[in-house]
Every structure is written in structure tokens, then in C-alpha cells.
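For reference, the structure I am asking about is given below.
Which chain is which? They are A, B, C and D, in the order written, and residues in each are numbered from 1.
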């Protein structure tokens, strides 16, 4: 769909300079996804977190995450970033409804609930069931599946950057599986 | 799950007399499901309506629908009624979240938006993606898949009993596909 | 509205025997409300919990809660129970949308997330902003307003009966204020 | 809150050149609000639409709408645009939950459901109860309150730009008041 809409081969991709200019002046739109495995009756049985090395070399747990580009639908962006982070065999079930489970606002200022030192980002957060095999790509070291009890442990959630532990807790609550 | 919870073989099944007594004194809890087919990116492509002969012999379009029984979870009831109405090969994707897309209140009184001459019923309405083959059972004559444009036509929605045309419209709106 | 609908003066009120009969055979429909105070921009600043003496004489924290009666809308039931529990000067802002923030299923069986030894109850849970003065009536001893941090403390949530601490956590999460 | 976060007096305000540069390369984040009046039990009784002269001089009906600026929360943006469009005495009740009723994606390309010839915009849409007096400012000629039946008429919805008639229908459906 993007291809028919966009005359330029890659208008959504910005140079580093352009992106830096935008980041200093505008909120950027992101999508984030929490991968889950469902049981036979639709109930959440496991939650998947990516393990990444942060810029400082520390290990952190992360969600699937990325920018929405010019001309791209939220759905297209969600699909693209899930494939980028989980590989082509994850078989995600994208949401029938465009309304996210949660909206997270990241600010580069101290004091806000969610933080991102690079930018002001507004993220539409979805819980995404995956039925296939996840093979983390890019900079993720591995994908860990945890039970809802395990993932709710304070020490696991504390390993997430930018306050995203709270976001995972909110996503679990919206599914009715926060202990 | 129900079986381990219920000492009596079928405590949820009521005699006609018992059901009549309850109907005159209590709101009954129902689940309803609107079956949908999703495209590769999760967008709703088709909506399924059951075709039934009403008690008066008229043809009406219907949702998957039924009571929640004693000891049964909403999820169990949803699964049971989908299997009852669509057959065992429908492969429904039950919702990860227990919150319904909509709550519909049926009253036996004139003047209410949703009507049911038999009873006061409160229905938790879910939009349910199905990936398999639907073979209507029980009293349904057939299952018709329609595009979101077709199903939104006033004459199609007017064929639904008890004001459920409005419910279908609300479900389509919650998916972002109401024209 | 109820009055024009119901020929009998109080058909929704059941005798103890009738209620006992229903409880053994049918799920009962409840509404529950978590009262909150909002700041000028709509953000939740405080959460209200009722303090009650349980049947065993222990102090427990509770939500506004009660049955939906025959012929009564969910909205009517919500208003009636809020007035019953918080008094006539609470000035609750009832929800514009009929969809609850959460659905809680209580079973009399061990092992379920939410428990109610008396019955199988399905509860539509709403977060209700109140702007007036709350004067607990009936069997509640007092209403305590707490910050979202205070109310999230494990010891506070553990004082709630039937697993409702988890419900409060889910409600806070749906408002984006779960720490 | 914005004032303590933003060292520069007006970093969110962009020059025309900057805005034009961003619009050609990035999706812009908007908030939109549908003002409603609620009855005593929280039910939607009236819906407010702004009457505006479009750039081509035609009369169109509009929602409260505007960009989210750098450093500004969604809530702050919603409040600012409501005050800008409805005046300081509208007394809006901002939502306790940050999750919008709907997400609308506007594209400058033909064929998309929602259209904006200027840009790719992603809009978080909220239904906002107002209790005060609305005095449209800026370029709006007047604010019209209509019943939910009136506002649902095809000719009224057809007067809205960019496909927003469908958005109003979706918002009414989410409140359970779409006829």
C-alpha cells in the first residue's frame, strides 16, 4: 500500500540531520508492540520481551518499537517493525481495531513517567498475539518468553528502559492478567 | 474448566419452569459475537451474519448469541456458543482482553434501544475473527459473509431482530470500518 | 425510567429465598465503581476506597458495588449504588460510554482470580469521577481518599476482599496511573 | 506544566517554512475532540459541531482539532485546543484515561478513508463532555448543538471535511448512541 502512495522511493527515511532537526521541534509518532502467546480460549499465557544491549552496554529488556513513517499507516508500521524485530516467521495477528491498548508519552525531560533522552515521542501501544517462531534480528540478542507472573516481577520490569516496565504492567492489566 | 468446577452434571441447564421464573425477576447475562474475517494486516474484510427463521416464520439475520451459565467463564460461554452456531471448524480467535467491544441491554419493554420480548438481558458483545470454515448448526439456515459496505446497508441491518442492526453498526465503528 | 417499565412496585427486589435459589443456578450481574478525584486536566489525583467490617469482623477495603435489578439499566444501577454507598452529595460523573473499564468474574470456587463465596457474579467495573462530598452510608465505616501511589501499595491492596486488589490495579492501569 | 519543561518561550511554534518541511516528511500528531452534553445519568444528549468557512469559501462542519507541540502532553494539547475553539468558559471534562476513543489517519493521497490535502496526520480522537458555555473563537462562525439523531443525518455528516462524518459516527457508536 505504501508503494502506491509514495512517489519517492523512500520518502519516509530521513537523513540523520533531518531526523535530528525534527526531534528538536516536533513530537515523533511511534508504535510499540508487546508480543504475547495465547491459549486455546484466547487467554494470555506468555509475554515476550526482547533482550538488548543499551548504548551504555547494559542489558535491557525491550518491546518491539519503531517510528511511523510518512505515508505509512499505523498498521503498516506495526507490521514492519514486528517483522524487523521478530523475523518473518512470527505470524503476528494484527489488531482488527485501530485503537491502541495504551498511549505512552515519552519526554526528554526528567520527571515524566516515560522517558526518552533523544526526543518527545508519542507511542501507540498494542498487545500482539504471535503464533509462529520469533527470531530476533537487528540489535536484539534474544527473545524471552515469560509467564505473566514472571514478567510482573519488579526486577524484570526494572530492567526495561524509559519506564516501560510500567507500560508492560498496564498492558497486562488491559488483558486482565496482571497478578 | 467448567467440568471441574461443577459437581452437578449440568447445573447450568435450567428447566423451562426455572428459566421462566428467572426471566421474570432477574437480568440474564448473555454473550454475543460478530464473526469477522481479517486481511493480512488485521483489517476487517468481511462480516458474517447468520440467517434464521424467527418464531413468526420471517427470515432474520442474527449474531452468535447465548447465555452464560452458572460456573462458566465469559470466555467459555463465548467459545461454546460460537461452536454451537458456527460448527467445530470455525477456529475462532477468542479475545485476549475480557473487556467487550460493547455492552447491549435488552428489555421486554417498548421504547428501549435493544429489545427482547422474553426477558431483560445484558449482553457482552465481542468481535471475533474466525479463520476456518463455518457450518451453521442448530436453527440457523446459513452463514453469509458480506463486505463491510454490504453489511452497513440499511436494508440488511433492518433484517436484524431486537435492534441488533445498531449493534452491528457499533461493532463496525469500533473496528474503524463503519463507512 | 425504571418506574414506567415495571408494573410491580419492586419486582427487582427478591426475597431471601428467591435470591438464594438464583444464586445457586445463575450468574448474577453486578456493577462496581472505583471513585476517583480528577485534577484540572482530567488526570486521576486520588482514589477512594470504602472501609468496611467484613462478616468475620475484619476490616476490609471495598469498592462501590451492587446488583443490577430486573428492568434497570446498567447506568441506573451504577447511579443507585453510588448514591447508596457515597451519599446524595457525591455528584458522580457517570460514563458517557456503556463499555466498562473492566469485567470481573467472581466464582464461589477456589482457584479463580476473583472470588465470592456466595455466588457466581459477573461485574461491570467503571472508574467514576466524583466532584462532591462522599458520606458513606449503609455498612461502610468511612471513605478514604488515597494518592495513586498509596493505593498501589501491596498492603493496601491485600486488604481488599475477593481479589479486588488486582481489580484496582487494573483500573489504575487503564487510567495510565499505575506506578 | 509546559512552562517548566520548555526553556525556549515557544519552541513548539514553528515557522511556516519549518512546518512545510516537516509536513512533507513526517506524520504529524493531532488531537481532535467531539464536544458532547451529558444528561444526569451520563448519557450523551447533544453533540456539538463547529461551523466554519473552508478555504474555498464553503461552509463546513468541524471538530475541535489541532497539533500536539514539542514538549506538550496530549492532555495539555487537548485542553489548549478546546479553549482555543470553544472559549474559556466551556469547562471541558478531560478524560481520565489517555487512550483515545478512536485513532484517525489522514493522508494527502486519494483513496484513504480520512483525507487532509496538507499532510499525513495521525489524530487521537476524544469525546469530551462540556458543562459550560461555548463561545467559538478563531475562524469558527458558530457552535451548533444537535441531538444524536440530527447529527447522524447523512446530510449533516456530509458537510464535514476529510471524511470526518465517519469519525463522528464512530464516536457516537463508541458512546452507544448511534441510531
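Keep in mind that, in the parts below, a contact is a pair of C-beta atoms (placed from the backbone, for glycine too) under 8 Å apart; a residue touches a chain by one contact, two chains touch by 3 or more.
Computed from a predicted model, the values in this text were never measured in an experiment.
A.B. asks: Given that chain C and chain D are copies and touch, would you call their interface same or different according to whether over half of its residue numbers are shared?
C.D. replies: Because over half of the interface numbers appear in both copies, chain D and chain C meet with the same residues.
A.B. asks: Going by the touch criterion at the top, tell me which pair is linked by more C-beta contacts: B-C or A-C.
C.D. replies: Here the pair linked by more C-beta pairs in contact is B-C.
A.B. asks: Taking each chain's centre as its mean C-alpha position, how far apart are chain B and chain C in Å?
C.D. replies: So the centre of chain B lies 27 Å away from the centre of chain C.
A.B. asks: Would you kindly tell me how far, in whole Å, the mean C-alpha position of chain C lies from that of chain A?
C.D. replies: Their C-alpha centroids are separated by 34 Å.
A.B. asks: What are the residues of chain C that contact at least two other chains?
C.D. replies: 73, 98-99, 101-103, 174, 176
A.B. asks: Which stretch or stretches of chain C touch chain B in the complex?
C.D. replies: Those residues of chain C that touch chain B are 4-5, 11-12, 14, 18, 22, 24-29, 68-74, 98-103, 105, 107, 109, 120, 122, 124.
A.B. asks: Show which residues of chain A lie in contact with chain B when the two form their complex.
C.D. replies: The contact residues of chain A facing chain B are 36, 38, 41-44, 75-76, 79, 93-99, 101, 127, 129, 174-176.
A.B. asks: For the complex, give me every residue of chain C touching chain A.
C.D. replies: Its residues touching chain A are 102-103, 113, 166, 169-170, 172-174, 176, 178-179.
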